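In the two complexes that follow, subunit A is the common piece, with subunit B as its partner first and subunit C second.
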Partner chain A sequence: MKLPKLPVYGPSLWGLGGSLLLLGGVAPWIPVFPLIILVNLLIFAALAYSLNLITGLTGYVNFGHVVFMAVGAYSLGYSVETLRWHPLGGVALGALTALVVSLGIGAVTLRFRGVYFAIASLVTPLAGLNIVLVLPALDDGQGIVLNPAFEPLSWFYTIWIIIAAEVGLTYWITHGRLGYGIRAIKSDEDAAKSLGVNAPHLKLFLFALSGLFAGAAGGVYAWTTSGVFPYAAFDLTFSLLMLAMIVIGGMGTLLGPMIGAVIVNLLSRFFLAIFIGTQFIIIGLVVIVIALFIPEGIVGTLRKYVPELRRILE
Partner chain B sequence: MSPTLEASGIHKYFGGVKAVQGVSLTLGGGRIVGLIGPNGSGKSTLLNVLAGVEKPTKGTVTVDGRRVDRWPAHRMVGLGIAKTHQIPKPFLAMTGRENVAVAMMYGRRREAEPAAALEESLRILALVGLEGRADTPASNLSVQQRKRLEFARALATGASLLLLDEIFAGLSPEELRDAISLFTRVQKELGFGALVVEHVMQAVMTLSDHVVVIEEGRKIAEGSPKEVVENPAVIEAYLGTEATDAAP
Partner chain C sequence: MPEPTLLVTDLAFGLLLGCVFAVIAHGLNLIWGVAKVVNVAHGEFIMLGAYGAYFLNLWFGFNPLLSAPVDAAIGLGVGVLFYFGFLHRELRGKESIGLQSEMVTLVSTFGLALLIGNLALLLFSPNFVGIPWSPGFVRVGFLQLPLGALYVGVASVAIIALSHVFLSRTYLGNAIRAYSQDIPATQLMGINPTSVAAIGTALGFSITMAGGALLSVWLPTGIHPTMAALYAPISFVIVVLGGPGKMWGSLVGGISLAVIIDVGQAFVGLSLATAIAFLTLIPILLFRPEGILR
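Let's turn to the complex of A and B:
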């Protein structure tokens, strides 16, 4: 009889955890303007981590991830405007609603594989948008204007908790028994099934988790922008930015989504200031270059070619 | 003790193509059953139906009396039935040892600790002579080694009934001899039953206790290896009618 081993916590987790703790500690002293930029960055990092759970870990490319973000945003809008809740309740409701929606969508679309899944996932934001446009409870698609208090520190700590939960969960999932099953699915789903891996359940579990976190992050996003508008909420650009982040950083890695979020955010801010629209051209070019030359992203490639880094970068 | 799998009246149609038409067979009790037949005779399809990869159009599959023909493949593994693929499907990005560990954690053993599964994987790899490749990514393995890894993974699920799809195909004569002796050795040690789908007559005849022959989706003969090779219907299926006429 063997005693269960204690999980080993690697340097990536320490690094990320330490930085998050440090950020959390100094946040009250960060001036308002940089704090807002930081919150925006963290929202995108949270979205990247949520997409990483399904697309990064299983290789199922989800173009429809913005749907869960929009569901979270609308849940917050509805609960704050109509139900008169505190925005934090709205974020929780957003996470829950997105979880339910992702279970529904995933139960259908995860039956497709590869390109067919990607195409099916592309349809979901279109469907979501058209549903929202005719729902009377959501002001018939007029959008919801919110008037919450300006409280960047609350935004910060909410998104901070969401990211910490995502990083912890990603680590836990990838480093245990589940991680082996998931890597097997990513590598060859039929072979995985023939060895007893319940692929449909495992995929749906990850898809639902990714929906839950995207919903929570979408709620915080609506809270910071003080409003939800249908065409902006279901904008495919969000999906593409999230994909760009995990492709650049490294799909399925622990550090990748954070690195990708920082890079995409910096590029976005810099080139937006030069000329509106150029940021997307540049980010698109970067994604093409990465996909062509180092398809495993920054973290994935470093880990592959520098053996010494393998222990550090999980 | 290996489970008893009974297939009766299995039909499998793909649109207008009738791949399997009314085949029945019984597996279990540590017996090695050979399944032979010309190209396109429905061997692999039948195997897929038995493994839960395909659902039969008609007919039933039971394991120890339980109806399982609507079960998905991963649940069949829980009953101790595992299938290998005709073209090996290793997890290329994982090492040999990790490949086997997946089977150990998700197969019938349901080992909960990755560390323990990785440790135990070495023993299984040693059984098939792959211990030297334990920490090599599967993408660096040769075809022969991939076939062995495929076999090792099926064993690692804890299965006692293996459905083996052409594990001896595409090997050189020496490799084939090695593979057959390896199979016999491992089978003696672990005592599993198996359905061996094969083209290579030498392998089937040496290993099988019982041989089933199918042609165009129908069973045309069965019996001991010796009975089967002497059966005129089998000779005709393999060699054509003139051969039967020419035979004394």
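Let's turn to the complex of A and C:
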């Protein structure tokens, strides 16, 4: 079977980019309440795209992604409360700190593969939480109370820029020379290495990028809430939600994280309205069913079984 | 520098706690060793074991030592269900488990963890509960040790020793070990791989849930659906410290971890000691990926 040649700029990039542009254009006229819901959705979509960079593209299951989010949140809290910066500076600082932290963690944990990487990543949030609890600079783990101005439009445009950068980068990585190497690592790392793919560098590059964006998104998250508290910031539930999003949408795809974020957010809001707690039960069920029966997720499965959609979903 | 008597007390408590840690990690070790997959929902089953002990105490007045066998029996059934629900599709007809199957089991058991943890929050009350059982103290020199913890420590070592005897001295145990080493050769010997893997998984679950019951002695007011988030990582670190698939590894790993936490907190405080205990995982994985034991 001859596969159609991939278009240079696929319809899904146009679609995503177009809807983002549209959203950005109409944002000033959206009423406050829907805008806040939209900002929350976009924060989770940004986190899902950042996790997609490492877990989706290379297949390394990262349970500890919340660490970078917490680092971003704490950087924002520290720079706003102690250094008296503008929150935008805090978001930038969060991204930078998370980049440094992810380089440090990745340099060690990316040497492990499969379940060993997953376990090492599961342990890092707990270690991070226990370290933050004793840091004097962060008030010995008392948490930081923020009194930010209520400015949903600034939140929106910050997270909007982050998502646009992530979508562009994901597209550039998957459709360029790097993409071949990364797909080779996902299929068979030893074979990829023997063909001259610099696997350690590529993995560390992706891990650092995912940390950078998760830190920025975590900073925006802290900006929209009224403070940073250790047990809430290192809550593994965030990691699990991000993972659920990319599993449901489709790992390693361009559209998947956005679709997953929308589905998980809709499920959360719908079942939260019925009874608090049921939303996680439903999300857990959906993740089990998807992981066992269609492990490629919604986008991956459509692309696999409906060849006509391949052109659109690339 | 803390006082020597304090250090000896911490060491004794660390040893006792380590035995319980060992038995909750032992269940994971068995599943990991036999089926070569990691159950991310492990902590949730420890939590269910602890709640089993709590409800048996509430309804029938059982103490945790009596509840452990009941939990173990329930665990056998749960383990068989888990095997056929989650692992059978990935393990059936395969000679070794690939990265794709590994990812599927990691993600699907993580979904299970989310499901069980939140169901438990919904069904059991979100309050901390505990079992009022305290058989008194025993004095050893200047040490005052709680008898409950002592009994539980002995029971934990006995469970690990029994599982070791079962795996090395009985036909079924040898079949399970053979399966974990070489699946095609096991089939050539006329052993049904599915039933052996299912029995091994069931055994792992029964030890996990019994371990949850024994752990409840250490948690007089600490049984809660979210305890899974602490005891699952503890179990993972213990298994890696001792070496996956090594039966005495759980005991060595559990005692080392508990001693690091209990003695370390005398020097640097509980938070930092916990962080250090978790981070020992990294150098062990880097320099001795096969675990402390040879």
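Definition applied: the second predicted complex is superposed on the first by the 307 of 314 C-alpha atoms of A that agree within 3 Å, B and C clash if a C-alpha of one lies under 4 Å from a C-alpha of the other, contacts with A are read in each partner's own complex, and residues count from 1 in each chain.
We take it that contacts are C-beta pairs under 8 Å (C-beta built on N, C-alpha and C of every residue); 3 or more make two chains touch, one makes a residue touch a chain.
Everything numeric here is computed off the predicted structure, so don't read it as measured data.
Enquirer: Tell me which touches more residues of subunit A here: subunit C or subunit B.
Expert: Partner touching more subunit A residues in the overlay: C.
Enquirer: Where does A:R269 make contact in the superposed view: on subunit B (first), on subunit C (second), on both, or on neither?
Expert: neither
Enquirer: Using the superposition on chain A described above, determine whether A:L285 touches subunit B (first), subunit C (second), both, or neither.
Expert: After superposition on chain A, A:L285 lies in contact with subunit C alone.
Enquirer: Kindly classify A:H86 by the partners it touches after superposition: subunit B alone (first), subunit C alone (second), both, or neither?
Expert: neither
Enquirer: Would you check which partner chain A:N130 touches, where first means subunit B only, second means subunit C only, and both and neither mean what they say?
Expert: A:N130 sits against subunit C, while subunit B stays out of touch.
Enquirer: Should A:R310 be classified as contacting the first partner (subunit B), the second (subunit C), both, or neither?
Expert: After superposition on chain A, A:R310 lies in contact with neither partner.
Enquirer: Quick check: in the complex, which residue numbers of subunit B touch subunit A?
Expert: Going through subunit B, the ones touching subunit A are 51, 53, 72-74, 77-78, 82-85, 89-94, 98, 101-103, 105-108, 111-117, 153-154, 156-157.
Enquirer: Applying the document's contact rule, which stretches of subunit C touch subunit A when the two form their complex?
Expert: Those residues of subunit C that touch subunit A are 37-38, 40, 86, 89, 99-100, 102-104, 106-108, 110-119, 121-122, 229-230, 232-233, 236-237, 240, 269, 271-272, 274-275, 278-279, 281-282, 285-286, 289.
Enquirer: Quick check on the complex: what are the subunit A residues that touch subunit B?
Expert: Subunit A residues touching subunit B: 2, 4-5, 176-177, 179-181, 183-184, 186-188, 190-200.
Enquirer: In the complex of these two chains, what residues of subunit A are touching subunit C?
Expert: Per the stated touch rule, the residues are 59, 61, 63, 108-109, 111-116, 118-120, 122-123, 126-128, 130-131, 133-134, 141, 236, 240, 243-244, 247, 275, 277-278, 280-281, 283-288, 291-292, 295.
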